[in-house]
Amino acid sequence: MKTLSTTTIPRRNDETHKGDYGRILLIGGNANMGGAIMMAATACVYSGSGLITVATHPNNHAALHSRCPEAMVIDMNDTKTLTQHIESVDCILIGPGLGCDFKGNNAITFLLQNIQEHQTLIIDGDAITIFSKLKPQLPNCRIIFTPHQMEWQRLSGIEIADQTPERNLEAARELNATIVLKQHGTELYFEENTYKLSIGTPAMATGGMGDTLAGMITSFVGQFDNLEDAVTSATYIHSYIGEELSKTMYVVPPTSIINEIPRAMKQLEE
Amino acid sequence: MKTLSTTTIPRRNDETHKGDYGRILLIGGNANMGGAIMMAATACVYSGSGLITVATHPNNHAALHSRCPEAMVIDMNDTKTLTQHIESVDCILIGPGLGCDFKGNNAITFLLQNIQEHQTLIIDGDAITIFSKLKPQLPNCRIIFTPHQMEWQRLSGIEIADQTPERNLEAARELNATIVLKQHGTELYFEENTYKLSIGTPAMATGGMGDTLAGMITSFVGQFDNLEDAVTSATYIHSYIGEELSKTMYVVPPTSIINEIPRAMKQLEE
Amino acid sequence: MKTLSTTTIPRRNDETHKGDYGRILLIGGNANMGGAIMMAATACVYSGSGLITVATHPNNHAALHSRCPEAMVIDMNDTKTLTQHIESVDCILIGPGLGCDFKGNNAITFLLQNIQEHQTLIIDGDAITIFSKLKPQLPNCRIIFTPHQMEWQRLSGIEIADQTPERNLEAARELNATIVLKQHGTELYFEENTYKLSIGTPAMATGGMGDTLAGMITSFVGQFDNLEDAVTSATYIHSYIGEELSKTMYVVPPTSIINEIPRAMKQLEE
Amino acid sequence: MKTLSTTTIPRRNDETHKGDYGRILLIGGNANMGGAIMMAATACVYSGSGLITVATHPNNHAALHSRCPEAMVIDMNDTKTLTQHIESVDCILIGPGLGCDFKGNNAITFLLQNIQEHQTLIIDGDAITIFSKLKPQLPNCRIIFTPHQMEWQRLSGIEIADQTPERNLEAARELNATIVLKQHGTELYFEENTYKLSIGTPAMATGGMGDTLAGMITSFVGQFDNLEDAVTSATYIHSYIGEELSKTMYVVPPTSIINEIPRAMKQLEE
């Protein structure tokens, strides 16, 4: 297991436009937990994605635009429009604030029917819980799960106490997916390599922190060619900002992390 | 009566997650006074609570998420969902912007029927006025009232001119509750100890300041083991920030206090 | 005509609470022009008013709370609730974003039927235009009009080219009202004294600047004993902040002014 | 083709008021893409326009006011109110977030029927695409198109690879319109002169950047007498801010650009 203790961000080429930095679809936010997808969306914008659509409950549209006018919104339950967007994007994140009821189930089932091989799917939060229950056949695209330890237990069947690097890697390979296992010293499992994050702080132990990370990973994967570099960079920078802010803040609200993403990426630019 | 003139905040342990810092339910905010519960909720997030649900009038959901995406929202009048949340949290705050009409009464009656012994209940603002009228039997959990002087008169029956430390303590003991008596030189009454705050400023004499304090107390109680330490720390830091800001601000809007909580807690970390 | 070139703000006494700094009602903001009353309300909060209720079109409630949780909201067209609030406040501002249609007319007629002698009424924007048309009998309370030159022409009948200090003072006395005549070098007409503001900048020539001033005047009048001092101070500080900001900003958005009010008041504290 | 490598902003005269800095109407923002018109509107306010009305889907009103209380709002589909506003303004921007469906078509058709010779029309985003399809007769007013390369291909019929300065100028003259051709090294085509922008950065390759520029151009044209100076200045300052911010930010969110407009204009004031 390699130690993940630094990263570099690729320089942007001059002759590029917003379409070169990923078309993103974020699915989540029911009537009660809309804030989660708002944080994921804003993290995505501040990480550099050029074109972001958020499929969420209509109750969340006004607050989302109030926080993040850069994103477009659609009704999560409008399947016709949702299909159009699923077809036209590069990366899809599902999960933040999705809820675990039948509407959440439906969104996942619907997504799996429409996702295509060339796309990347990031599965976070409630969507992991639903996946663990439904156990649907995984699509043939690149898949990233971002569980915390209890969600990983549900998904992999490995109890928290037994979550060793060896067993985790084995489970990740069975799923044929990348795993970002969020914990004190977050671990990343790719097909070949595994990493353990050397930084992080309990000041980041607060609601919305995972939604923010999911938004960053989605944005980085949509933006950078190498999936492993994208996931490790996003995870590293998320904790890098948290550690920096925790020097002066007892707790680091996720919205504070988000605001710092563009500056942290610049500092770590190659 | 001890002088409350400093405090320290416990250091967080590395091996912790958001669930370790309290599950909080805030109940308040009718169709007219939603801002109160928004300030309480944001104060709660910035004080370090990991999981916060706000039960409030649906009119307030968009503005709350616009200010504070870290919190979840439910409809205050959806008793089924409210019951589920009452059952699953550690601390409950009721009162900010609740209103004194029958809906406010109903929320309190409903809460008292469902609250459990191991929980902590913080009663603020309109909820104190309703308690003073209804005089319901108090539940067997830990209870904190946060009245200003007129609310304390209503609750204790002691007229403002007669509110001496001795009589206040006696009344607090009869209620079997902690009292945070907000005034110039706020007083705190615990079972054994009483404190008088040595700091504070009339620049804090503005609407929403009490809602902010209620949110901080709720967060601290949910986060730290010792209730007395939690309440004294929250009360001290609230005025500490106010005093600091009042050096350059004639009036200190509550939202300015809230933004500074993470930095003030860090400064006072043990 | 005295030159208004400085001011001082009274120090707050320690033994005070939010109720000592004025109960304020702001009436304005139809379905299209809600931003005006939002800026007035926020200016009122940042000027130090403790208790502020905004009567406005329900469409504006979410955005108002999103910007300014410290204020309470009511539906401008709910006459029963509006009556209760008119009866219980010290100062009333009517006009920002009110609109000049029958609903605006109704609000003014209704207000005049319910206002009481001990209150202060500030009349701004569209409310001035409606007053100029309806020519209702003015109530027996203290009245302040805050017209720009065209509104003053409508109200006083004096054409802009003929608006000399002498004629303006005469018209102000006939109205038995204080006049804040907004122009390059704003003029103030009280019963005895008249003032001309020595500061100001064309960087402040932008929409919402008058709404901000109206909110400040209302707050100051509700907070300070002497009406003349309150109006001159509010007017001076509004331009003082504008001038300071214009050193680095080509145009000064009203929301930038508002944020600086507490600091400017502190600088000018006696 | 001249190199556009600096600009100056005219000083404001003391004896002016908000009416002197342009009456602006912005049309755009359907139910899904409201953020685009919010960014255009805020850019317009921060560029110095005094009176701004935004015609947009009612879903967007709350979020728009939450971000930008300085603007007024109307329902884009309320043709009676829209007509009144079209008649009374100096500059009209149509396009950001408009959508390409029949509602977008209707808005453009309706606008063309009502626009007057003395006005200036700025056509951006989806409105360019609709123009390219409908090929309506252009009105006799001053017209500015702000296409990116693909939109310019649609509008002019010139494929991206063939978009040389000569052919672009010829097409611009045929359209009898000013063209702001957004690309790495943005090009501007006026009746006589053509310019190429010497600054810019791929950190600006993000969604909403074009909406921000459209808002700035509209504001500058409404504010300054010389159209060519207005368009070149707005375009230059937009990239000037982006370049400055990109020194410390990997990606520059449009909202960051907007906040800096008043300071950048002051720095470049003549």
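A, B, C and D are the chain letters, set down in written order, and residue numbers restart from 1 in every chain.
One rule holds for everything that comes next: contacts are C-beta pairs under 8 Å (C-beta built on N, C-alpha and C of every residue); 3 or more make two chains touch, one makes a residue touch a chain.
Model, not experiment: these values are computed from the prediction.
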Let me check something: if the centre of a chain is the mean of its CA atoms, which chain is farthest from subunit D? B
To lay subunit A over its twin subunit D by CA atoms, how big a turn is needed, in degrees to the nearest 5? 90
Quick one: compare the interface residues of subunit B with those of subunit C and tell me same or different, with half as the dividing line. different
Distance from the CA centroid of subunit B to that of subunit C, rounded to the nearest Å? 34
What is the distance in Å between the mean C-alpha positions of subunit B and subunit D? 48
Send over the residues of subunit C in touch with two or more other chains. 62-63, 66
Touching residues on subunit A, where the partner in the complex is subunit D: 9, 12-18, 20-21, 45-53, 61-66, 68-74, 81, 261-263, 265-266, 269
Subunit C contact footprint on subunit B (complex, rising order): 32-36, 38-39, 59-60, 62-63, 66-67, 97, 148, 183-184, 201-203, 205-209, 246-256
